[in-house]
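Could you have a look at this structure, given as structure tokens, before my questions?
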Amino acid sequence: MAILINENTKVIVQGITGKVGSRQTRLMLDYGTKIVAGVTPGKGGEEIYGVPVYDSVKEAKEEHRIDASVVFVPARFVKDTCFEAIDAGIKLIVLVTEHTPVYDAMQIKAYAKTNRTIVIGPTTPGIISPSEKIKIGILPGNMFCPGNVGLISRSGTLTYEIAANFCEGGIGQSTAVGMGADPVVCTNLIDLLKLFDEDGQTRVVAIVGEVGGTEEEIAAQFIKEKMSKPVVAYIAGKSVPPGKRMGHAGAIVERGRGSAESKMRALREAKVKVAEMPENIVQLVKEALREI
Amino acid sequence: MRLHEYEAKEVFKKCGIPVPEGKVAFSSEEAVRVAKEVGLPLVIKAQVFVGGRGKAGGVKFAKNLKEVEEISDKILKMDIKGYKVEGVLVEKRLNIEKELYLGMTIEGSAGKPAVIVSSEGGVEIEETARNYPQRISSIQVNVFKGLKSYEARFLVKKLGLKGERLFKVSNILYNLGNLYRNYDALIAEVNPLVITTEGEIFAADAVLQVDDSSLFRHPELQAKAIERIPDELEREAKNVGVTYVNLDGDIGLICSGAGLGMATMDMVRRKAKPANFLETGGGMTKELMAGALRVVMKKKNIRAVFINVYGGINPIHEGAKGVVEVIKEDKIKVPIVAKALGNRQEETWGILEEGGVKVVKESRTSKAIEELFRILKERE
Amino acid sequence: MAILINENTKVIVQGITGKVGSRQTRLMLDYGTKIVAGVTPGKGGEEIYGVPVYDSVKEAKEEHRIDASVVFVPARFVKDTCFEAIDAGIKLIVLVTEHTPVYDAMQIKAYAKTNRTIVIGPTTPGIISPSEKIKIGILPGNMFCPGNVGLISRSGTLTYEIAANFCEGGIGQSTAVGMGADPVVCTNLIDLLKLFDEDGQTRVVAIVGEVGGTEEEIAAQFIKEKMSKPVVAYIAGKSVPPGKRMGHAGAIVERGRGSAESKMRALREAKVKVAEMPENIVQLVKEALREI
Amino acid sequence: MRLHEYEAKEVFKKCGIPVPEGKVAFSSEEAVRVAKEVGLPLVIKAQVFVGGRGKAGGVKFAKNLKEVEEISDKILKMDIKGYKVEGVLVEKRLNIEKELYLGMTIEGSAGKPAVIVSSEGGVEIEETARNYPQRISSIQVNVFKGLKSYEARFLVKKLGLKGERLFKVSNILYNLGNLYRNYDALIAEVNPLVITTEGEIFAADAVLQVDDSSLFRHPELQAKAIERIPDELEREAKNVGVTYVNLDGDIGLICSGAGLGMATMDMVRRKAKPANFLETGGGMTKELMAGALRVVMKKKNIRAVFINVYGGINPIHEGAKGVVEVIKEDKIKVPIVAKALGNRQEETWGILEEGGVKVVKESRTSKAIEELFRILKERE
């Protein structure tokens, strides 16, 4: 079993008729994802690659079972799009859109919590489970392979690289999740660690962190006290000068918080092995698997 | 987007947070005019986008008009930590009885705004957090209901204020809470909040950083956002549509993805200094990559360029066309090494190799960087 | 027993140091109300007629048991004042302040509901229970007398007049409640009818309504279907021309709704006897009591 | 506070609701100038605070500049149902394909804003509610989260719109929802929303009524609020601090409390016509009562004045002093009857009786009114 998704997960695409939405729908379908419907207000009745388009989630829900939604709408519409999915009772939302206003992200996070909905993102590349033949989001399927490592990353392309390194080293993934790289993400690192700790398929968890925020520091505490499975990590951004924002809105070392050193220190104190270079994490996972 | 102190103070004033009488000036003559209007004694403060201006001599008192002229002239000509001083704020000098700190920021992990107050005004809150954590109080704010006025009073009371002062300062904090939400702030700070010996209360300094992603809701700020970027190359990159951070080395970097970009930077850093961080974002086109390479090459001392891109959401074969076009048109001589994987990678490799780029067909960035340094060594 | 309050109800006054707040505190104390504390930010430590003043409800609550709050703060502070009381766990709020913005009243109503708090008002003259020797608000004590009629009114002074008429006619009140006269009131007529229907002391309920809104029409439906005790009513404003706002923000006949005729018709259809003049309601109550 | 159509349209436009090109004019020359700017054909609409202007001839089409001049001149001189026309809105005439209704109001009993849409545009929503209730759809809005865009789409879809139109109209409705909240509206209405034969969408008429109690949050409106009251006596009363509604009878009324005031009015109405409704509110002073009596007496035909006040929150003995002062200074000859109960009632009675007021010491208003009519009869 994977975390969050499995081969039976039925997915809708919010913003399916946009350029990115339609292209990624094609790629998800090709990978095996069961996309049952799309939503674009005003485009109800159209079809995208055989997927019926509705004006609203409610209408889509009247016709289909829906377990998850993936959101590709422009940033200014993100809040209402997520509220629509939450109000319609969808319990997993993968929010790919970049540049969502932080206040909106905070409101989505709060509203999702009240309604027991899991929102991954904003700015997530998505979720993929190779053994379940499902991906939700923009992760390229050919860089991942089935296995028993749970991969949690705050980045996009760096995740692909590490996944590819894993596959070349013979290490597959149970599920890979991109947390998103904004100052506020709706699902925290610690939430995902808990899920992987309970997942039968996962034997080791690999974290790909980066500078900014305190997610890794908080997670380190959890790993030390509660986590039963071994965890390894890589943290990007050791050479980031303070005060400089590195592409990701959340990737900034400022006001004395969020440096790579602080994260690596916290993780090492929690007995997490931390790789110096992305590719080294493969070796660390192999060692961890041997030691179990 | 960070506002200048004088701009932040205009916002604060509009939102019911009292600020000292004063005005910005962009020349020493203007400063003297403001001084006549406001009255002596005054404080003259450099308007510059970098911390530590006080220690750098960017904040001075003036007792008479001659001093106003001399000091503002001097400050206006200053560079502080490489940043140009863009103006001086000429303000009534306050007679300080007490300095406090009021601030709001995002508690990222909780996903809520946090209000922070401290009885230590005038020093950085991080410093207080290290030295006197017990002098700091803070709460998190409900994102739908905003900061409630009794919550503001609860915090201000912890600063030891009573009576009229408790009432006034909590009102200011409450207004800061509304401002924070209405302006989509990431940081809003009054440091110090000064209680004068006359019993008046003023925000003596004001920090306001607005969420860039929210600027569509703030058209009046959006207009200023690009011109606001102090570094010329960073400003140019913004117009190209990529994120560029100017660093002090000589190896140019172009990466798709910020995480990958930082990891690449870290790995290059083991042997040489990166000239920049550059992240293409998810909207790659031929033009965007061409523009990105041109921005990177604008620095005089570039020894080599390393390109590290993935064809997930991005059409890397299109990007490749932009790269080889620039190499040809701009007659680029320094070595360019690329690692390009994902959708249509073979096509991409062909285009790059034809254009004279050394392509490393390998999934480990470290190996590609090794190749880059091997080539550089060869050339020496 | 009365509804909402009884002789043991411990009350705080929010806005106790203001002109109206302090004067009404005196009158409530004189009547027998157990006022344990007052709150005015910045005036903590003072005393008003022997009642200790605190800067916040939380501080008052640390020192006293509190069952109810009465609010006299200026309109612009009403919302936050009520939120403070609700967050402090107070379950009954009597909101006397006039001219509260309607949007704020709506937010108070929603927040109170989520937190199971009863808010009477805004613009209520308050609650009084003569047999329990308690009044919360500005109702003049000498115009009310103990008895078994539940009195619900949307007005202030008209309530005094009707109560005085009752007392002269030998009819006392179990509890009298002013609902408030704004377009949105936090406790509806129907909520109070339910409470009176369950109250052991109350035998008949008298409603003093007025033009505007649809409270009486909705209540009529409830009376017809659910109410076990007899109800009588008077509706003020038969001669109000449409489109004219009569002093109370809610007292306006507009957009085809809220006329006295419509209310009287609805009540009469629910077998409620409706008085032509305020004083006649006394006779109607007497008849109802005889018929029980 | 109700805004004029042209003012409401300025707000609507700012909030992303398209309105037809046009401008207000206060003279026929100005109207012609606007016409030249906007272009023909045009519609000319009376700006007046009363409904039914269309039937009263306050809305006319103009095909050429001569018509613009004549029509606006005529409309500007009109009185509609006793209300002065205060200007004309000169607007581009639309080619109507379809008219819809979009509105927001308060669902008082639920305590929530309600959004109402109907496929019947251009008629009053109450009329549609009576005749074609099935053509109306409505939902209530969460007061903390506001109208959500998908809720707007849900409603607009019920109007039978599809595609681009569904998207555009729901966007307009969503913007109306934000406007409603940001402006503390009680009513915000677009009626009709016109879809033109060219496929464009405009709010052809706009209603915006702002909550008077919220004006402290809207200083730009607050400034206009008093001058906005069309009736001169009502405006004067507002300055005195009392609520006054001008009616068409000759018995002056002064009551403390709106409910009591309405009940008193109802009782007087059984035998005579009240000249006004007047409610003192809870801030009675000597000056306030003096001012109140003077406003009431301004009408020429007053036959008698009835005062009905309670000493709960109000100091009625102070009010009594104001009454007798005015009787004396203004030499008032018509009979004044008072019923005054509550705190310090005996003192109040003494003052009033000394000043020539007939005091009825009785708790039934009907008895006091009987006494008033008895006195009037006596005088005849």
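Note that the chains are named A, B, C and D in the order they appear, and that numbering of residues resets to 1 at the start of each chain.
By definition in this document, a contact is a pair of C-beta atoms (placed from the backbone, for glycine too) under 8 Å apart; a residue touches a chain by one contact, two chains touch by 3 or more.
What you see is a predicted model; the values in this text were computed from it and never measured.
Among the pairs A-D and C-D, the greater number of C-beta contacts is found at C-D.
Spacing of subunit B relative to subunit C, judged by their CA centroids, is 55 angstrom. In terms of their C-alpha centroids, the spacing between subunit C and subunit D amounts to 27 Å.
The mean-CA centres of subunit A and subunit C are about 53 angstrom from one another, to the nearest whole unit.
Residue positions 144-145 of subunit D each touch two or more of the other chains. Taken as a graph of touching chains, this assembly fits none of the simple shapes: it is neither a line, a ring, a star nor a complete graph. Each chain pair that touches appears in this list: A-B, A-D, B-C, B-D, C-D. The part of subunit C that touches subunit D in the complex is made up of residues 20, 24, 75-76, 98-107, 109-110, 125, 138-140, 142-143, 153-161, 164-165, 168, 181, 183-186, 188, 208, 210-211, 213-215, 218, 234, 236-241, 244-251, 255-257, 277-279. Subunit A meets subunit D in the complex at residues 41-45, 55-58, 77, 80-81, 83-84, 87, 111. Residues of subunit D touching subunit B in their complex: 144-145.
Those residues of subunit B whose C-beta lies close enough to touch subunit C in the complex are 145, 148-150, 153-154, 157, 162-167, 170, 174.
Of all residues in subunit D, only 105-106, 108-109, 111-113, 124-126, 129-130, 142-144, 181, 184, 186, 211-214, 216-217, 243, 245, 247, 255-263, 265-267, 269, 274, 277, 279, 281-282, 309-313, 341-343, 363-366 touch subunit C in the complex they form.
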